[in-house]
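The same chain A turns up in both complexes below, where it pairs with chain B and then with chain C.
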Partner chain A sequence: MSDIPMRDTELQVSGNRLAGIVRSIARHRVLAVSAFLLLFPLIMPYEALAVNILIFGLFALGFNLVFGYMGVLSFGHAAFFGIGSYATGIAIVHLGLSWLPAILLGVAGAGVVAMIMGGMAIRSRGIYFAMVTLALAQCVYYLVYQMSDWTGGEDGLTGVKAGEINLGFFEFNLVDPTAKYYFMYVFVVIAIFLFSRILNSPFGAVLEAIRENENRARACGYNVLLTKWYAFVISGLFCGLAGSLNALHLSVVPIESLHYHLSGQAVMMSLLGGMGTFFGPFVGAMAFLLLEDIITTMTTHWPLFLGTIFMIFVLFFPKGIWGSVLHWMKR
Partner chain B sequence: MSDKKQTTKKGVSRRNVIKGVAAGAAIVATGPALFNIAKADGHAIKIGMPVPLTGPYGKESQEQARCAQIAVDQFNAAGGMGGRMAELLPRDTKLKAGEAATRTLELIEKDGADFICGSLSASVQLAINAVTKERKKIFMSISQSDGINEAKHFSRYTFHEAMNPHMTAGAVGRYVFPRNKKRVAFLIADYAYGHEMARGFKRAGEAAGIEVVAEVKHPLATKDFSTFLPQIQAARPDVLCLCNFGYDQLNSLKQSSNFGMKEQMLMVAPALLYSQRLSGGADPYEGVIGGTNYHWTLENSIASSKAFNDAYRKSNNGMPPSDYGGYGFSGVASLLKAVKAAGSTDTDAVITALEGLKYDNYKGGQRYRGCDHQSVQDVHIIASKSKKDMANDYDLFDILHTDSANEGVLRTCDELSKLT
Partner chain C sequence: MANISLELLALQTFTGLALGSVFVLLGIGLSLIFGLLTVVNFAHGAFYMLGAYAGVFLIGLTGNFWLTLALVPVVVGCIGLGVERFLVRPLYGRGIDYPLLLTFGLGLVLVELVRITYGLDGVPFDTPKELRGATDLGFGFFPTYRIFIIGITALIVTALWLFIEKTSFGLVIRSGARDPEIVRVLGTDISKVWLIVFAIGTGVAGLAGVLSAPMRSVIPDMGTTVLVEAFVVTVVGGMGSLVGAVVAGLLVGVVVSITSLVAPELSDLSMFVLMALVLLIRPQGLFGKKGLMG
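Right, the complex of A and B next:
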């Protein structure tokens, strides 16, 4: 946990061109990831998978703020993803709003839930924090499950159609997969930019200070509890946006978007990609979903293969894929 | 912004930029080739089949995929549609609605599937249906659901080959209740399917004048029913309707036998599954009455059943096909018959052909009703045999009665159109 690979200071290795490239990527990380994602659908087998990676990359990115940068393990992030999805879905299906207010409502809904959950959970630490967030997320799950008039309950919320989107100068339909990808792309790039700004701000530095030594951060005069709560809520907002986009992507909101299994996936993606690194969550989401996609079409015994691959990563590459790449570059 | 202060003078060299761009271009150029090797001939008629190949319903859906493949093979052996062959693309939905929606998008976007046929579980069906109707692709659903017939979910692209809980529970109720079984208790799995089944029973019961003496709900995947069963026992019903599925059904049956309830009341399980009975053994199911779309012994009276069974036995070591396998076979067979009749894979032409289709794929005459594309078909009332009465390992059920195909057992078009 002590190494913070994305800081320039640690990358100043001379005489290594690769390190130079990595350094320039690190310096322009928003630009780099935007450029990569711009070309991304071209190297993917199909657009829906690219959209999935985009959405789950954003989800893991938001989760990573709390997990990787602040060092607090939450098992309740599915609640933010799910509420983002449901709020957007309900805005479109029941309230008849158009896509932009629906997305904003999704993000806001996730924010409100994060405020409440954070307020209740933030005083506990370590495994207790994980358990409290898990329990609260399960409460959200059952609440939504029971409100079947609004949410569709077991059947999920269907009919979430944004359909034709008219920007005044440009019209497109989300049924077209390429248009859908670039529609999502715009939101994700804005989110990544904001995320980078947050990390680079003094606030971001305090987060890492809390991760390294909470008592010292407190002794320095920072309000640790409040900072943790802010981070939790901000993280919830990003995950809410991911959920909101997912509702538009699938045109349904399945009940499992609130399931704790999804919270586990966020942990897995962050670990696989490299927690506490900027690109890690996207790399993790890509590796996870791509592997899953390829292996499930080849064999019905896919959990066996995926499990083995995860174990290899946890045992031999504890820094995750991107974390390990950074580590090798530095040597 | 501590990062900016440390910016070195040189930054990125032009050479590195060019290299980067070249590398990027190479990835872009080779990417599709890397992943799309398996892309099949564009002229094949492609039927995407999203089913939960892994997980609790894995056995049923692998059977569905096997049977669907038989339908494809028969179509191809008969020369296809003027030489155009069909191809089945099974995909694992993992029994999750979100995964199923993604898989369906994959089938449509990447594989260029002409039709989608599949799924188990109501929520997954509705998710696939939402994706297909937005993209104007035909979806042939092969799992029980009432919701999919209702105006809220139905579209002209939606077809339902499976029976629905309303007709299954209704048929079983109409058989059981008039035979002096007026005091009725319900054990209901607390989710959509359980409630739909119970509703179907109550509708059938209204006509027979039943009295509901107990109605107990249990959560999905309950292991211990000992807290639920005494309430039912205390109400002294003539008949207990088990509105649950899979392991819930098996566990509740086993435990109610232990409570001695089988001697006190008749057990009724609306969807009495072949594969569940096969793995659960004869004893817990003995004497239980239920409904089904198909049991292989129909081959004694129906020619198409005989043909289907024989085709299946040939590739499965003499084992007969299951009830859910029949859905898989028939769903795909109907699509291909309609394709042949329409002479094209054009969606509108195939819809017209399906709407006019009168078919006998595996269980006697069937057709799709105009207003909700629900397959009108025979419902068989079956009783589980005791071990000593079984002629062979697969001789599981007696067919007691058949509710022959008629629209009367379905909800009316008018009623469905109001459910938005």
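Right, the complex of A and C next:
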């Protein structure tokens, strides 16, 4: 594009400056996201929405590791989110554990499910993977549904309350929405930091190599199957944390947190925001939930709008919001 | 478990075959579309639901079950034509995931449109007079309507087989599945073939919908679980394999039906256990070709 002479040099300069800003944001991406999310509740209409965006941004972020960075479409990530929720919920309701072990249990539970599901699904390649993961996640859904003594079955698991959280020097209660937001914020920022480190590591480079050309990655001597499995499990851990936080946020675990529609939400958020981009999942979660919040006040037919918007993005803006912004900056 | 008689087992197997017939119709459509277009149709459940509602609409209009049965696949197939032409076609060559994502969005839209038109509650769909009651099979009485479903599925499968194996258009379909590039070089407009195959696939899904309307309740969400079941069938049978879809469909139907007799609480899970076993032993599915998915 650079060989086309620009008539308006002013525009070009401001474009370059903007691109410079974007570049420096990209360089300090963890800091940028953390700072933005720190001030985020101030610009949101109410805190619960901010908490939702935080949690689903994390969910989409974890999902994006597999979909955006490794190029493998999974339709089973609801299983990790849901199991993260249920394990945390069960730890608090049935085992009487406090919030920290409960969250850890949620993440670990999601990790175990990801190991099993990944082990079964990872050998199926390409488009097959989406179907297999979807079916396996639906299997988890029915399993949890059946174990109603532990999970509450159709009604979901109720009474997931973390109560007073005492950090020794500081005490607060999750009933306070602002406290809840910043409580979740700490976990999300740690997760984002880890995520960024993973992407920057040699392992992260192998993931992108697999996305670009699986056979070449294999020919270079990388164990593609094992790498895929690792990525799947790591992605499951992040989604499990998101689910775990969601259980504390809602105080209940609805059975819908395991349904494949939720996997679809992760897919849609990633694509809306921009798959394979660092900020994309959060941008996508924000766009998705804000739109949902606005449209559901006007009509009950939100899925109609969602489906239409999603189709428009697939057809005309496959790079997503943030991806398109990046693309536009590069010009 | 010893008190389960042989007759009961035979009847339950027959129930499984009737259930499996619906799976077969769904699996064939899904497999046909995938085999040629390499599109995983996530809206397949929605087309199934559309079939049931098209049945409700047409039977209200004509009052004739047989006419409805003949018209529903045509109506749903025509919707499929439009979807392939205007929504799926722009995505060819842009990566295998995009048509899948698009049809996922389409599924949401179709379900919501039906919800706006017909509401959330179930719509009754009566079994036609001629097919009510039960028929003696020698080892017990069996609902006539279910025998009818098995029969009509056998008819459709045979017709499709003849169409694909014996007609010249079927020859183009088969060669298109093997190498679309060469077909195009030889002067055949492959995009027309894809259009028609997509219409056939969705039309058969619509037929499955109207056929199961008298057995299940007709609600906008009826396609949600069906989509997963159809996926299980294609994974077990092998993607893109029509024989696989038939065998796996019947197998899944019988397995679900027998489990619900022996251990009712596990009936929802049984098909997934079957799928997991197949994945562990034969990841490409019972009739899948190795490397097709590569």
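The rule we apply is simple: the second predicted complex is superposed on the first by the 315 of 331 C-alpha atoms of A that agree within 3 Å, B and C clash if a C-alpha of one lies under 4 Å from a C-alpha of the other, contacts with A are read in each partner's own complex, and residues count from 1 in each chain.
Criterion: a contact is a pair of C-beta atoms (placed from the backbone, for glycine too) under 8 Å apart; a residue touches a chain by one contact, two chains touch by 3 or more.
This structure is a prediction, so every number in the text was calculated from the model and none was measured.
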> What is the contact status of A:L38 with respect to chain B (first) and chain C (second): first, second, both, or neither?
Replying inline: neither
> Looking at the overlay, what does A:Y260 touch: chain B (first), chain C (second), both, or neither?
Replying inline: second
>> After the superposition on A, what does A:V175 contact: first (chain B), second (chain C), both or neither?
In response: first
> With the two structures laid over each other on chain A, which partner does A:L100 touch: chain B (first), chain C (second), both, or neither?
Replying inline: neither
> Where does A:L134 make contact in the superposed view: on chain B (first), on chain C (second), on both, or on neither?
Replying inline: second
> When the two structures are overlaid on chain A, which partner does A:L315 contact: first (chain B), second (chain C), both, or neither?
Replying inline: second
>> Output check: A:V252 vs chain B and chain C. Expected answer is one of first, second, both, neither. What do you get?
In response: first
> Of the two partner chains, chain B (first) and chain C (second), which one does A:P303 touch, if any: first, second, both, or neither?
Replying inline: both
> Once the two structures are fitted together, what part of chain A is touched by chain B and by chain C alike?
Replying inline: 303
> What residues of chain B sit close enough to touch chain A in their complex?
Replying inline: 1-3, 6-8, 11-13, 16, 20, 24, 27-28, 31-32, 35-36, 53-54, 58, 62, 91-92, 96-98, 101-102, 105-106, 109-110, 122-123, 126-127, 129-131, 134-135, 147, 152-153, 191-192
> Where on chain C is chain A touching in the complex?
Replying inline: 34, 38, 40, 87, 90-91, 94, 96-98, 100-102, 104-109, 111-113, 115-116, 224, 228, 231-232, 234-235, 239, 265-266, 268-269, 272-273, 275-276, 279-280, 283, 293-294
>> Using the touch definition from the top, list the residues of chain A that touch chain C in their complex.
In response: 73, 120-121, 123-128, 130-132, 134-136, 138-139, 142-143, 145-146, 260-261, 264, 267-268, 271, 301, 303-304, 306-308, 310-311, 314-315, 318
> In their shared complex, at which residues does chain A touch chain B?
Replying inline: 7-9, 12, 17, 20-21, 23-24, 26-27, 39, 42-49, 52, 153-156, 158-161, 175, 177, 200, 246, 250-252, 254-257, 293-294, 296-297, 300, 302-303
